[in-house]
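Look for chain A in each of the two complexes below; its partner is chain B in the first and chain C in the second.
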Partner chain A sequence: MTRYIRNKFIGLIIVLIGVTILSFIFSNISSVDPAEAFARRTILNPTTEQVENLREEMGFNLPVHIQYLNWLRNCIKGDLGISLLTKNPVIYDISKKLPATLSIVSLAFLWIIAITLPVSILSALSKDNFFDHIMRMITIIGISIPNFWLGFLMLVVFAIAIPIFDVVAYGDFKGLILPSLTLAIPIASSSIRLLRATILSNMNKDFVIYARARGISRNNIICKHILKNSMPPMVTVFCQNIGYMIAGSAIVENVFSWPGIGRHLVDAIIARDLPTINACVLVIAIIFVLLNLFADVLNCAINPKILQETGGF
Partner chain B sequence: MLKKIYKNKQAMVGLIMIFIVLFIAVFAPIIAINDPEEINPMNKFVKTSPHYPLGADQLGRCVFSRLVYGARYSLGISIPTLFILALISISIGTISAYLGGRFDDIFSIISDIFMAFPPLIVVLSLVGALGQGIRNIVAAVVFSMWVWFAKIVRSFVLMEKNKEYIIASKIAGCSDYKIIMSHIIPNILPSLIVCFSTGIAGLMLMISGFSFLGLGIEAGAAEWGSMLSSGRAYLYSHPSLIVYPGICILFTAAGFNLFGEALRDIISPKEV
Partner chain C sequence: MKDILTINNLSILLRKNQSQIVKNISFNLEAGKILGIIGESGSGKTLTCKAIMRLLNEKKFTIKGSIRFKGDDLLKMKEGQINNILGKDISMIMQNPMTAFDPMMKIGTQIVETIRAHTRLSKKEAYFMGMKELKKMNLKGVSEIMNSYPHTLSGGMLQRIMISIALMLRPSVIIADEATTALDVKTQSIILDEFNKIRESGIGLIVVSHDFGVIAKVADNVIVMKDGSIIESSSVYEIFENPQKKYTKELLNSRLLIREMRHA
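Entry: the complex of A and B
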C-alpha cells in the first residue's frame, strides 16, 4: 500500500511539472506582447524605450526556459503575479473567490450522491419496468440539456413564476440551492446511467450466483454485494466530476451572478488579464490532479485487489 | 447491422431527430421566412404572427429564422471539430497502443499531463490567449479533447492487438501498416462510432456554452448559445427568447445521445 501510494506520488510530481509547463505555454502563445500590454495599462502613451525598459524589468527579454524557471520559482513561493484588472495580487483574488465556488460544488456533490445512489439502485432493481423507462428518459434529457439553459429555466420557474428563491441570492444557504442543483443535474444523470450499467453488468458475476445460492435475498445482494463491487469506477468518476464542476462553475456562476472563481476566470479572459487566467488554470488543474490521486487511494482502500493487479506490493 | 438499427426504436427516434436538424441546416435559406440578420426596430418583441412564427427579438429580428440558421452554426462547428478530433485521436491512439514500449510510455505521460486539466478550462484559457473566433474555438476544443478520445482509442486497440487473428496475420507476414489499416481499425470501428457519436452531443453543448459566455462566436450571430446569452437581459419580460434556443440545443443533443446509446446497445448487447 505505501509503495503504491509512493509510486502515485512520483507520478503526481511528474504530472505537476507538466501542468506548470503547459499552463506556462498557454499564457505564452498569446499574440499580445505582455510588456507592451502592461505598458499601455500603466503609462498613458508609452514610448518604445519605456516598453523596452519594462520588458527588461519584468524579465520578458530573457530566454523562454529562464522565464519559465523564474515563473515557477515565484509560483512555489505563492507569488502568481499581479492582476492587470483588479491590481491585487492574483493569489489574493483567487483565495477570496474560491470558497464561493467550493460551497456550490460541495453542495452539488451532495446532491449528486443523494440522487445517484437510490435512483440507480431502484432502476437496476426494476430493470425494464415503468420506473426504469421513465428514469432512462429523464437521464437522457439530463445529459443533453445545456446547463446554462437549465439554470435560466430554474430562475424563471423558481424565482420568477413561483418566487421561492431570489434571483440574485449570494450569501445565505438558500441562495446555494438553485446553482448547485443546476450544476448537479447533468452530472447526476450521467452517473445514474453509469452506475445502473455497472450494477447490471455485475449481476451475472459468480459471487452473485454464490450469494443467491446461499439464500440471500435479491435486494440484499444488490445493496451489499453488488454495490460494493460497483464502487471503484464510481469513486473515480465522482472525484473527476468534482473537478469538472469547478470548471463548469464558469458557466453556472455566470447565470446566477455568483462571485466565484469560474466567473472570475471568464472576466479575466474577456479582459485578457493573463496572470489571472494563468493562475486560475493552474489552481484548478492542481485541484483536479489531487482529486484524481485521492480517488486512486480511496479505491485502493475499498478494493485492495487493485494493488495486486498493478503489482503494487 | 443496419437492420438492427432499423428495428431499434430508440436508434430510429435518435436518427430521425438528427435528420430533422440536418435537413433544417441544409435547407435553412428555404425554410427561414425572413433574413435572420435583418434588423427591424419597428417589430421589436412582436408577438407570434404569420409573418413572425415565433415573434421577434429585441432588435426586431425574426426568432424563427434565426433558430433555423442556428442549426447551421451548431452542426457546422461541431461536426468538423469531431472529424479533426477523430483523425488525431485515432492515429495517435492506434500508433501508441500498437507500437507499445517507450512510445506508449511517453504517450501515457503526456496524456496524464493533459488529463490534469478539465477540458473546459483548457478551452477557456486557450481562447483567452489566442483571442476569439470560430477557428480558435475549434482549435482549442481539439487541443483539449484529443487526449480523452485518444485514450479510449488506445484501450480499444490494446484489447484487439493481442487477439489471435492479429498474431496469425503477423506470422503470415503482414506489414504493421496493413495490420493496422485492414485488421485493427475495421474491427474497432463500431466501438469508435459509438464513442464519437455520443461525444458529438458533448461537443455541441460545450461550444454553445462558450458562445453563451461570449467567447468564440461574435456577439449577435444567429447561434443558439449566443441567442440565449442576448436573451438573458429580457429574462423577466420575454422568457420565450430564452426558451426557444434552449429547446433547439436540447433537441439536437438528445438526438445524438439517443442514437449513440442505442448504437452501443446494438453493438454490445450484454452491457445493458
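Entry: the complex of A and C
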C-alpha cells in the first residue's frame, strides 16, 4: 500500500511539473507582452525605455527556461511572486479567493451525491419504465445544457421571476445554493447515466445470481453487493469531477458574481498577470492531482483486487 | 423413496416472441438420489435449473407448469417466501466458482450473510458456524479462508467453499449446474466424491452436465435433453447399456470417458 501510494505520488509530481511548464510556454506564446501591459496600466504613455526597464526588472527578458527555473526555485521556497495586478503577494490573493470556490464546489459535490445515488438506483431498478424514461430525458438535457446558460436561467427563474434568492448574494449560505446547483446539475446528470449503466451491468453478474440463489433479499443484494461493486468507477469519476468543478468554476463564478479562484484566474489572464496565472494553474493542478491520488487510495481501500493487480507497477 | 421435487409440464417461453425454449418437461427428484441432466449447450438444462430456483427474469420469460417442492408450488410463491427457501431448503452450486462470489466481499462475510438470511444467529455465532462447516469439507486454514477475498483463492477451493455453503443449512435439494466444468480433472474428481457423500446424507441432487463422464460417475437416474425437450429418461445403467434414442447414442459415442466408466 505504501509503495503504491509512493509510486502514485512520484507520478503526480511529474504531472505537476508538466502542467506548470505548459502554462509557462502558453503564456509566452501569447502575442501580448506582459511588461508592456503592466507599463500601460501603471504609467501614462510609457516610453519604450521604461517598458524595457520594467521587462528587465521583472525578469521577462530572460529565456523561457531560465524564467521557469527561477520561478520553480522561488516556488520551492514558498514564494509565488507578486501579482502585477493587485501588487499583493500572489499567495495572499489566492488564499482570499480559494475558500469562496471551495465552498461552492463542496456544496455542489454534496448535491451530486445526493441526486446521483437515489436517482440512479431507482432508474436501474425501473429500467425502461416511466421513471427511467423521464430521468433519461432530464439527464440528457442536463448534460447538454451549457453551464453559463443554466446559471442565467437559474437567476432569471429563482431570483427574478420567483424572488427566492438574491441575484448577487455572496456571503451567506443561501447565496451558495444557486451557483452550487448550477455546477452540480450537468455533472450529476452524467453521473446518473454512468452509475445506472454500471448498476445494470452488475445486476447480471454471476455473483448477483449466486446471492439470489443463497436467498439473500433483494434490498441486501442491491445495497451490499451491487452498489458496492459499482463504486470503484464512481469514486474516480466523482473525484475527477471535483477537480473539473474547481478548474471550471470560472464561468459559474462570473455568472453569479462570485469572487472565487476561477474568476480571479480569468481576470489575471485578461490583465497578463503572469505570476498570478502561473500560481493559479499550479494551485488548481495540485488540487486536481491530489483528488486523483485520493480516488486511487480510496479505490484501493474498497477494492482489494486493485492492489494485487497493479502491485508491480 | 419419497419425491421431494416434482416438475410437471414445465415450459419456458421467451416473452418477446413467445418462442418455446423448454417444452413441456416433467420429471421428479427423490431424496438421496442424484438426477443427472445431460444435453448439449442450448438444450435448456440451465434454464430448467434457474426456473426451479425462480432465478429467471420474469420480465423476459414466461414459465408455465408446476414445480412442486414438498407439495408447494414454487412458481406460485411470492418473492419473500421463495427467498426463505433458496439457500436453505434448495441450494445451488454454480458453474464458475471464480465469478460466483462477490469480488469485493470477504468469503467469511458472504458465508455469514447467507446463514443470517435464514437463521436468527448473531454475526459471531454465524461466523463460528461457517468455520465449523468449512472444516467439515477438509479445508485447511479455515480462519484465513474466512478472512480472504475470493480472488486470492483457487477455483477448486472456492468450489468446495460453495459446496460447503450449499450444505450449511441442511437443504433437501441441491442443484449443481455444470459445477465441475470449470475445474481441472483432479479437483473434478474430488468434487464428484463430495456429491456421492451428499447423496448418502439423504439430500436430492440434480447434477447438470454436458459431460457423460461426470454423469456416469455420480448419477442414479439420467435425463437427456435436446432442444428443450426430454428425449430419454431412465436409470444410468439403462442409458449407458441400452440407449434408446439415436441422439443419446451419438452423445455417448462422442465421449471417450465412457470407456473409463465401463471399467469402473
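Everything that follows uses one rule, which is that the second predicted complex is superposed on the first by the 278 of 313 C-alpha atoms of A that agree within 3 Å, B and C clash if a C-alpha of one lies under 4 Å from a C-alpha of the other, contacts with A are read in each partner's own complex, and residues count from 1 in each chain.
Here is the rule we go by: contacts are C-beta pairs under 8 Å (C-beta built on N, C-alpha and C of every residue); 3 or more make two chains touch, one makes a residue touch a chain.
What you are looking at is a predicted structure, and each value in this text was computed from that prediction instead of being measured.
For the composite obtained by superposing both complexes on chain A, the positions of chain B and chain C are free of clash and fit together.
When the two complexes are overlaid on their common chain A, residue A:230 makes contact with neither chain B nor chain C. Applying the stated contact rule after C-alpha superposition, one finds that A:23 touches chain B and leaves chain C untouched. Counting residues of chain A touched by each partner, chain B versus chain C, the larger count belongs to B. Judged by the touch definition given at the top, the superposed model places A:123 against neither chain B nor chain C. In the overlay built on the shared chain, the residue A:218 is in contact with chain C alone; chain B does not reach it.
After overlaying the two complexes on the shared chain, residue contacts for A:191 are found with neither chain B nor chain C. In the superposition on chain A, A:266 contacts chain B only, with no contact to chain C. Once the two complexes are laid over each other on the shared chain, residue contacts for A:180 go to neither chain B nor chain C. Look at A:284: by the touch rule set out above, it reaches chain B but stays clear of chain C. Legend: residue contacts after superposition of the two complexes on their common chain; A:11 is shown touching chain B, with no touch to chain C. When the two structures are aligned on their common chain, the gap between the nearest CA atoms of chain B and chain C comes to 15 Å.
Residues 53, 55, 79-80, 83-88, 91-92, 94, 96, 99-105, 113-114, 117-118, 149, 151-152, 165 of chain C are the ones touching chain A in the complex.
If you check the complex, the residues on chain A that touch chain C are 205-207, 209-218, 220, 224-225, 228-229, 302-305, 308.
Across the interface of their complex, chain A is touched by residues 109-110, 112-114, 116-122, 124-131, 201, 205, 208-209, 212-215, 225, 228, 232, 235-236, 239, 242-243, 245-246, 249-250, 253-254, 256-258, 261, 270-272 of chain B. Note for the complex: chain A touches chain B at residues 11, 14-16, 18-19, 21-23, 26-31, 140-141, 143-149, 152-153, 155-156, 160, 197, 200-201, 243-244, 246-248, 250-251, 254-255, 265-266, 268-270, 272, 274, 277-278, 280-281, 284-285, 288-289, 292.
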